[in-house]
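Labels A, B, C and D are assigned to the chains in the order they are written; within every chain, residues are numbered from 1.
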Amino acid sequence: MSAGLLATSPGGDVLVAAIVVPVIGILLLWLVRPRAVEWVALAALLANLGVAVAVLRTVSSSAAPVAYLIGGWQPPLGLALRADGIAAVFMAMAATVLVPVAIYARGAFGAPGERRPMVFWTMLLAITAALNLIFCGQDLFNLYVALELLTFAAVPLVSLDGSRETLKAALRYLVFALAGSVLYLLGVAIIYGAYGTLDLIGLASIRGPDGALLLAIGVMTAGLAAKTALFPLHLWLPPAHAGAPPAASAVLSALVVKGSFFIALRLWFDLLPPERAVAGSTLLGVFGAAAVIIGSAMALRQARLKLLVAYSTVAQLGYLFLVFPLGLGSGAAPFESTAWTAGALQLMAHAFAKAAMFMAAGLVYEAIGHDRIAEFRGLGRIAPLTVLTMTLASISLMGLPPSGGFSAKWLMLTAAFGEGAWWWVLVIAAGGLLAAGYVFRILVPAFTPPEEPIARVKPVVVRREAAALALAVIAILIGFLPLAPWPLLAIGRIAAGAP
Amino acid sequence: MMGLVLDGGIALLTIGIAAWTIRAGDDFAAVVGFVAYGLVLTLAWTRLGAYDVALTEAAIGGGATGVILMRAGARVKPAPAARASRRARIIVGALSAAVAAGLSAIVLLPPQPAPSLALEVREHLASTGLGNPIGGVLMAYRAADTFLETVVVLLALFGVWSLGRDAHWGGRPGPALRPAEGGALPLFARVLVPAGIVIGIYIVWVGADAPGGKFQGATLLAAMAILAGMAGLVQAPATAGRRLRWLLAAGPIVFVGIGLAGIPLAGAFLAYPPGFEKPLILVIEVALTVSLAAMLALIVAGPTERAP
Amino acid sequence: MSLAPLDAATLYGLMGAILVGLGLYGVVLLGGFLRRLLAFNLLGGGVFILFGVVARRGAGAGFGGDPVPQALVITGIVVAFCATALAITLIERLTEEDGDDPSGGGS
Amino acid sequence: MSVLLGLFSTVAIIAGIVFFVAGTVGLLRFPDALTRLHALTKADNLGLGLIVLGLLPYAGSVGAALKLVVIWALVQFAGATVAQMIGALAVREHPTSAGRQRR
């Protein structure tokens, strides 16, 4: 297990901070006076942003991963944290999404200290801790605990308003998530029984996967797919994400589903040599393609904005699963491949655009008292900043240049062309057209002048509009990064089966 | 040979009870089947030589889970007998059988020698000051798991509370107390609760060197609190209470505090300074036991149902 | 690779495999949230037993079993209890919320 | 002496098992809640009592033997309490027939 030897790197303490800061935030929330609750949460999220930026800077300046041995114990006996390039980038991305969400949510749930604000801020911080651990965890069981933390934080957010529909959506989500967790845990048992270690680096050095590893990764992927709402296990997502309050939907759609996806990504790219992954990764790609087409088609048929945006998440998550066939099928080093960068960009661009979209949907609801798309005429006059936010986010979701969504899809197309895999090209192109269809259903009426002025129920708060707009602008700005594989995303990756 | 017959019997019984629970006609019968399943699983754990796990399974897996399932079985209306289509049953049945067959193959063809970390655990156990290897894993090698698990339990409690009504936020969980009926339960509680508290503390105390530990002990303490509540001897605390919140947070705070102190004093988060391992672990265990007992009791008590 | 000896670990390993199969079937197919939750717990029990079998086979260094998987199971049982409690509270709340069929339909 | 002790243990444990079997049969066959309770409590009382009695010579130490006896006493107490509560419930739910109902 010499390949598994790790040492705490200089500045590795930031990884501990990434876990401990949000947890201390949670404990403080329940101990301070109600008036201080929002400030504690905001401070914890700002500190978390600082920590994430520090991790990213350390990784990019040293061009090496940051590692930390908890308690000084070496894996496989102990637990290690390790942020490689992609983990550092995603940690920074999540931290960046969370701050505007918090600014948007401040004061949105009534008097602090009551049920909804207490639950919302607690769960938001718990999601922060869980995601950080998922991004830099090294031990499969430690990742299980992080997954459960994520689930227990996400489910109460779905039923925050306490209505019958949201309770039912939350329960359905919980059943899917629990089935997913237990399948994941089954895989952990198989892997420990076969190799006596749960450390990802130690496992990556094991050559020649046998039946046990394949069965383990099979059941774990099925479990993680249920948690990520990969078609055909997506049925829980639309009611859950549409039923949650907008600030919660933003986090659930932009970040929470990405947590389980990230672990699946690690399993496939870290533990399976590419030549062993061909059949399975093609299957994942087919499910992803089906999600793109069916999710978009369902989004086209929705009458209400939040449900449309939720179905759009099903479709956009589908793109992520195209990374498996494109990244593992090329035969080239997967982490320098175009597909790897394309997947990371898609994940980030969707996170920013979708968070902005849900927050804008919430503002629309508040401004006109409903979210029926058919009655959006004249919205541009009432809430110009919000409509601008939706427009920018839509550009990225459709994949029009310049935007993060465009870069991601362009790189994905490049990868597909490079491999002569024209069927993925068709899926990506069709998905873009369908996305254009569903976003124009929102934007066209919003920009059409009304026949009679539509009633404004409540003025929108500029601070909240600005928070949503900031996220949409970032989704666009990602499109200005160079259209090539990022070396940053390959830092510290250890290809499975590599000597 | 006798042992194998016993093991085979336990295994068949467990499978039979599981199948019966899946097939049972009504929900409450299924719940009762599940409680029996927990009991036979406990037997299986002792036969596998895992006494710590057997204690946990009996206390939490069968016991505490059984209590809340019983409550739900009594409260929730039975689901309509919605039978899945024949085709769905065949497909899902085949898939489940395939997974079971794959797992059986792995069980029957184990790697040799069996991989194990027992040697490594033994090698470093002396430096943790503990005699129980599982305590060493939970409090030293994988202390981060245990810390996060405490946070998970706390979050589950907040999740349960989040399902109460707005009007009841900060109030007391459970319905208002009815006057205790008959004399049996209050008498039973008066006698058993002190005994149970002693046994709970004992289980935590011996956990350092023998089977036992904070999770099992805390569950027993939580059970005593619930019993006292059912007997009408004590009232569930208001969830907005300052003291209750400090009680819940104490365990995680002590854990993270000692963990962070390890960075300057012992070179790493959740490392213990040499010579102080056992006392520090004991301090954490005591604080965790108190907090976990409160968390578990309140999780079983459910969301707030009375206005503050 | 050779066939495992017929011992307690192997017997309970096969039991665990069958319990996982039964639980999986129930989680996917049973109607009603409460029954699915029970099946989830049956399935979990099977998975934990598989950990126990791995632990038993890893006995050594004077321990009756590898303590690492045993410790993982203890953590797992506590987490599974929390999950069950959260789900039950949701189910009960849903029952309270509507008089009609609360636990039915949930694919 | 040890032979006698062994014989004593065997007889006591077998007798205990007989009581448990009888109690279980009673639980399954008796017609109403109260008679079933009667069957169950007999199994608890005598069955467990005899088994504990049979195990005592093998307890190894006085402490362990004491623990066995305490376990028996606790089960007695818990069984009696639960039986009383179930009985009270049965009488309240079916006051006329004292819990009598068709299986």
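Following the convention adopted for this analysis, a residue touches a chain if its C-beta (ideal position, glycine included) is under 8 Å from a C-beta of that chain, and two chains touch if they have at least 3 such contacts.
No experiment lies behind these values; they were computed from the predicted model shown.
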Dominant interface by contact count, named by its two chains: B-C
Subunit A and subunit B, separation of their C-alpha mean positions in angstrom: 31
Chain centre separation in whole Å, for subunit D relative to subunit B (CA means): 28
Gap in Å, rounded to a whole number, between the CA centres of subunit C and subunit B: 13
For subunit C, residues contacting two or more additional chains: 20, 23, 28, 33, 37, 50, 53-54, 57-58, 68, 72, 75, 79-80, 82-83, 86, 90-91, 93
Per-residue multi-chain contacts in subunit B, two or more chains: 99, 103, 110-111, 114-117, 121, 141-142, 145, 149, 152, 155-156, 159, 163
Touching two or more other chains - residue numbers and ranges from subunit D: none
Pairwise chain contacts under the document criterion: A-B, A-C, B-C, B-D
Contact footprint of subunit B on subunit C as seen in their complex: 1-4, 6-26, 28-35, 37-39, 41-42, 45, 48-50, 52-68, 70-75, 77-86, 88-93, 95, 101-105
Subunit B contact footprint on subunit A (complex, rising order): 8, 13, 16, 19-20, 23-24, 26-27, 30-31, 68-73, 76-79, 114-116, 118-119, 122-123, 126, 129, 133, 141-142, 145-146, 148-149, 152-153, 155-156, 159-160, 162, 167, 186, 190, 192-197, 211-212, 215, 219
In the complex, subunit A residues that touch subunit C: 77, 141, 144-145, 148, 151-152, 155, 159, 164, 167-168, 170-172, 174-175, 178-179, 181-182, 185-186, 188-190, 192-193, 196, 235
Residues of subunit B that touch subunit C when the two form their complex: 3-4, 7-8, 11, 14-15, 18-19, 21-22, 27, 30-31, 34, 37-38, 41, 44-45, 47-50, 52-53, 56-57, 60-61, 64-65, 68-69, 71-73, 75-84, 88-89, 92-93, 95-97, 99-101, 103-104, 107-112, 114-119, 121-123, 133-134, 136-138, 141-142, 145-146, 149, 152-153, 155-156, 159-160, 163, 213, 215, 296, 299-300, 302-303
Residue numbers on subunit C that touch subunit A, as the complex places them: 20, 23, 27-28, 33, 36-37, 40, 43-44, 47, 50-51, 53-54, 57-58, 68-69, 72, 75-76, 79-80, 82-83, 86-87, 90-91, 93-94, 97-98, 106-107
